[in-house]
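To keep things simple, chains are lettered A, B, C, D and E as they appear, and every chain counts its residues starting from 1.
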């Protein structure tokens, strides 16, 4: 079973939705969830592989496009497909209360988003990455504007414009690469990227940084994120912060490690990531809308990931993997439960947390918040600790101080929320969850706790994945080796 | 001869593009935008790229201008 | 008065910013704009010679980089789906459109078959002469647009176009999967395609078939987009 | 659930006792990429504190017998105790940090259903500040020692260059000062103690502040190697801060109306003593001794107060008074408690003060010594107020006359505690033996020991047994005399049956003068200065500054797309020019 | 005189310089439009201009005057002395993607206009920060 199925099956599903609609009202929903479960199983089947695999499409690499499956990308693919399966399972029960208008299109967009995220992670051809960049973009624009009210449409327009500006920079970078290196295959580009004159190398890496910078939500370029989160519906926010951002992050650093293995700009990128975390936490202090607050908090966590990934150190990357895992799950929990709260209490203001009467949901949200904060015995702490440890070894105490101040500010507003949740006050009507939704949420929370209390279970896998991601030489050898 | 054609069309393109953006009335700027489409088709043709020229002609100048015109129609109908 | 000056100021500052950025990009490219001859193109040209397809660009678009085209078809499909979703308003009032004048109607009746024929020609001969699926499909869509504008009682055959579109999409992915099955490379060219019959209609293996399928898909999607944009979803 | 808690606490005491006898060492795991050893080990210092923790846990579970508490309270309490044991027995700073943060978080949840939002928020922010500064300090240490173990923490510390050493010291001390709530950082403690559940406050004050002391000791002994600390800036700083906090806290305690706030300030003052004496290498013995005494006395006082609040439902001096006839047992327990708290000779409190004074005398910190004496002397004011305000004087209103003695569940722990305290007063030397094993393990100078009944220091010797027995004899004689006298006195009809200077008191006149004590001190300029400004304004200033700064930063995230695109182009230009140069 | 100019213009280097200068100035105009224009259609137009300038730059700089188009026809038998087809394929895909995104953006703008009758992107702040 080749990894191309991650792209082929969702597209096949998307194209034959009109037929599936004949199967009755929820034919499409069940078909899509079944397919996603199959894809998740497929992703986990790849877990065992020791050395990376190559999937050729049409013709052999340096000319053709190919998918590369190594530990790091398999981790991301498995994370994305399992999160998407949980999301659609959750939505199957959520739609009893509020289902989206013409739901078939909603499911198509979900699947294309998943396909493009997986494509971004696996692809090995820079123009192919641009195509997936656009597919993920366009399905995200439509998902943002799905509600068709003034806020959603404005968010859609902003997201679309930022996306097209980003793709302009990216296309210019690809063109310069092709003109000067003559190939689109990442391995070949990486091989003779050093031979380029210095100022051209700087220009290309800057354009790539700008192209991906908008989507990776780094400090000066993430002005659009909070509007998009506030505009789009809560369920979709969960998808954005859990899957889309992580895919762009992985691709950017995958290319960075290939093109600049010696890490010329790493110092600047680390401090930019730390600064981005600090700024987003400071701005998050004064937010009253929960969706904007969670948006700024995920900006902060992405800033931390950015700093960790740009350290070119396998320990920091291991920590970053943990934080990716913990943050995606925690944000998925928060946004799924927030969508239930919004549905039942019709408001997303911070003060609503004082009035909700959902002890179970509150407890699960509490675990998610504590994990984001990096409290020990939860997954967030392991990641943050590993990152700080490797920063200490490199002597980056300035960045560490910024990150710790930012997490202090983060604990200010998160504990304000948990204070509201645990407050003994008269509460509104009881918000009852379906049994399945409860199981899903508690499964996610259980993941957080087990990863936090017993990290050694996954540590060696994460360490192996981090090393594989870092060493560009074996990646190039794998691809170019396949040709001879 | 090719060099001259390229130079001439580029200069025309630049003038038309600048005019299209600075233009106050929307109809005129969209018509000028058609000019850009035409210019780029000519250029692609001189660059020995017939496929791209055909695509640009049909999609780049054809459909995009149509899209802007319908946008104008809908945005105009309210005032 | 100061509003005018403020606007002017922002224009100048915008222009200054844009020019600084572009000039720096410009002079960096200027210093090393020499085309290295070892571009992958020559290798590809050599490879495409035994694909039995005259138009090298088509072999690259459909076969060598077929995955991009599949992705690009997905983009177009999602765009038409999104536009349909955004622009449909079920409670659209069927405003009485004034009758378009006589000349446009007769011209449309005359021109439509020619445009349709031209579009189909471009689509089918994509692998022999310039053009192909995308261009052919859009030309057909422009033909449909012409009809939409000219006559009021022309109603898009939604059922037919939807079936065409789904058929094309499914068969494209299936061809890819069969390629995966037979040659275990996705979108592999499994049909016979030797050079001898260069120039015949079905001489390029799966390439012309895919390009026709792409043409049908693009044609139907573009007509949906055009129809939604034009009437903002006031259709039946 | 109560039984479970009781069994759990006895179980912990049994385990601690068992563990203290054998020396064991368990390493939990190694993160293989960069070898980090995590493990638990038995150090006698840890055993000492673990003994304190399990002992106070038993007292708490006894006292909580008559309360109906939610199941989550007991679960969180046991989680808290487990985290304390993990922290105490950790042999490396990573496990110490994990225990430290789990402790803060479980206390946060224990406090969360009693405290007001503001007080809760203050507590958790300070707890997070201490945790994060501890984390930064760990990382600083790790950068040179490449391992978190205490063993090689010292040579890592030496490798750090001067500025980083100061930073490490400042962060580590800040983290522990927040938990000890030294004068600058006590902003959260008083409200937390006052509003916490009556039965949780004794645990909070007796144990959690001791964890700060334990952390400080570990830092001083393992990282900074206290013996080389004699004239160092750190010891002057610790001494000065300790004394300042004890003086200021004592005067702040005096004019408080709520009993729990008085006790909160008094625990800040007592911990101030410990911190002062920790600044000296050979002060460690006195510090540990005082820590033990302070734990026992605070448990006794807070449980007593909990009993009073449980029975009368009031916790303000102005609403209490004259309970001596209704609650004689609690009165006697409180009497013993405040004598120990005051540190006056007969009872054990004096032994630890005596050790502390002699160490300060040897080290010639005379100014510090005099300030400390001044503070403990002026402590008498709030100590007397404590006993007078609640038990002596006239009852302020009718309802107080109908109350009965505190339920038995409060009295058992108080009896045990006062028994232990009296035992220590009789045989102060008995502890010295135990302390010496700890000191020797930390290769510090051991206290001189002659016999179990007396403490000997180079300057003087205090024989507890003799003083205690003399005191008991005198006490009995006076008691007999008073009882004989009482049989002849006339029972007062009711509390208004007193005539003084010709006025007839009625319901309106306020007979109980105890609670007013200390108000007139404001006229004294030095004390008025202390009472007027508090650290509240400083913290509120910081909070308002950050919030206004966040308003400024919010401007970037306005919805205007045009401005943002200009910003990104500017950012691109800066990047390009900076890297092309 | 004109022949000299024409022959000068025909050199490859000069053509590449013209293409570079021309497309970069088009990019400059597009970026200028993006940064200053207020009306939503003008913004989309400047994005379209920037995209087409990139495409011109790419095809122009990989263009070789004395090679033919990459199609076998009227006499050419095998694929030698032909322009590199890969940029053509890439631009072909990019044009279609650009148009699809543009169409989607315009439909957002139309629907947004129908709801709030605002076309000036600076007045689009439904979300109070």
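Note that in this section contacts are C-beta pairs under 8 Å (C-beta built on N, C-alpha and C of every residue); 3 or more make two chains touch, one makes a residue touch a chain.
Bear in mind that the values here come from a model prediction, so they are computed numbers and not experimental data.
Each step here moves to a touching chain, and the least such steps from chain A to chain B number 2.
As a matter of contact connectivity, taking chain D out of the picture leaves the rest undivided, in one piece.
Of all the chains, the one whose CA centre sits at the greatest distance from that of chain E is D. The chain pair B-C and the chain pair B-E differ in C-beta contact count, and the higher one is B-E. Centrality annotation: A (chain centre taken as mean Cα position, compared with the mean over all protein Cα atoms).
Using CA-based centroids throughout, the chain positioned farthest away from chain A is D. The mean-CA centres of chain C and chain D are about 75 angstrom from one another, to the nearest whole unit.
Averaged Cα coordinates give chain B a centre that lies 78 Å from the centre of chain D.
Chain C and chain E have CA centres that are 16 Å apart. Between chain A and chain C, the centres computed from C-alpha atoms are 31 Å apart. Across the assembly, chain B contributes residues 50-51, 55, 59, 63, 67, 70, 74 that each touch 2 or more other chains. Listed for chain E are residues 21, 25, 31-32, 34-36, 61-62, 69, 71, 83, 86-88, 90, 92-93, 96-97, 100-101, 103-104, 106, 108-111, 121, 124-127, 129, each touching two or more other chains.
For chain D, residues touching at least two other chains, in rising order: 554, 557, 559, 561-562, 565-566, 569, 572, 576, 580.
Pairwise, the chains that make contact are A-C, A-D, A-E, B-C, B-E, C-D, C-E, D-E.
Considering their complex, residues 29, 31-34, 36, 94, 97-98, 101-102, 105, 108-109, 112-113, 117, 120-121, 124-125, 128-129, 132-133, 135-136, 139-140, 142-143, 146, 164, 546-547, 549-551, 553-554, 556-557, 559, 561, 564-565, 567-568, 571-572, 575-576, 579-580 of chain D touch chain A.
Touching chain A in their complex are the following residues of chain C: 25, 28-29, 31-33, 35-36, 38-41, 43-44, 47, 63-68, 70-72, 74-75, 77-79, 81-82, 84-86, 162-163, 165-166, 169-170, 172-174, 176-177, 179-180, 184-189.
The touching residues of chain C, when paired with chain D in their complex, are 10, 13-14, 17-18, 20-21, 24-25, 28. Only residues 554, 557-562, 565-566, 569 of chain D touch chain E when the two sit together in their complex.
Only residues 50-51, 53-55, 58-59, 62-63, 66-67, 70, 74 of chain B touch chain C when the two sit together in their complex.
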